[in-house]
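As written, the chains take the letters A, B, C and D, and residue 1 is the first residue of each chain.
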């Protein structure tokens, strides 16, 4: 299952990347599982995505809870709580 | 005790007057007593000021309850509930 | 800063402000399904300005505001023209929203204006005060826990 | 009528509207006691417009509205410049006030914008989300009885 992951704001800066393509095992689960997968890289990945810091997620440009399931071709965005307005 | 009484909106039209000077006995009481005094004229005065229709009052350009006391030289305004804004 | 304008002609333009947040309310003459062509607005010169000043002062006591402007038409106002503008600036949005709504609710129930509707056939009738406006103003009194 | 503008430059002028009531919220960059000279606002192009559209749709489902306009700056915004405008028109003032406050509360907690403060010495730091904004948004959810 292929997904694109995008990072914004503090995450984009800390992870030093704004997006990447990932190939995950089929049925790899939900956004939280994706975060665990990424946090396993260690370093800033563990710091930012290991569950210590508040995180929001969108799937295909729509806000979703971390328990939302992923499908092949999804664009997942991970970002800190929004601060517009 | 001399007071000026002003009428606005529907009252001004129905009573066919916008203001008058009145000489009342000293200690003539409150706005409600003034209304009874005026309503005793009968006709439209009784209809408008006899207690059947909602009424607001101001003394010296400040909203007051009908139980507010009058003093010599006061300007009393009587009018229907306001509808601005 | 507080300013009150009672206008026989068009309302002045919206003011420039300097703060974090600004909420502006504007009301226009509605045609009421084509029935109404204009309003005639009577007021109590002198008291009108003083009462609106008291309402603005009360708002400034309840919330930290940096600007309150109230402008209101009197005389004949045609359908679709502005009747009233209340513009409130504050550091934070909640204060600006609440103060602006408070001023409108009090203006509707305390400022000495009376509207007369002029209909298509030239007939004129005084607008009756609405219970909804009295209820809206009552929600700001301490008895309601606000 | 619904329109959303994500602006790299100044916000468009306030729109002409035709209804009984209009409430406009505007927010400016505060200097935070002289500490801040500008904001840099990042967003998620595509999602930003869609999410604001969903927020405006939710407002239009809750209240009968005749117009919703949302304009928001992105990129560098200097102190005292406008960041955001939400303009809502409706037949009655209560609906316009509530819908405008609702849209602002949801915009603050759901639209994908992130602010970075640029200080006098050139240092940049991401603004942290505020619990007060989450509380403000939560008051519109059914669990709170609203």
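Odds and ends about this structure:
Simple rule for what comes next: a residue touches a chain if its C-beta (ideal position, glycine included) is under 8 Å from a C-beta of that chain, and two chains touch if they have at least 3 such contacts.
Please read all numbers here as calculations on a predicted model, not as lab measurements.
Shared contact partners of chain A and chain B do not exist in this assembly. Seen from the C-alpha centroid of chain D, the farthest chain centroid is that of B. The geometric centre of chain B is 49 Å away from that of chain D, both derived from CA atoms.
Mean C-alpha position of chain C lies 24 Å from that of chain D.
Across the assembly, chain A contributes no residue that touches 2 or more other chains. Shared contact sites, meaning residues of chain D that touch two or more other chains, fall at 27, 104.
Chain pairs that touch, as defined above: A-D, B-C, C-D.
Considering their complex, residues 6, 8-10, 12, 54, 58, 61-63, 77, 79-85 of chain A touch chain D.
Residues 14, 18-28, 30, 80, 91, 93-94, 96-97, 100-101, 104, 136 of chain C touch chain D in their complex. The touching residues of chain D, when paired with chain A in their complex, are 27, 41-44, 46-47, 50-51, 54, 72, 83-84, 104, 107-116, 126-129, 133.
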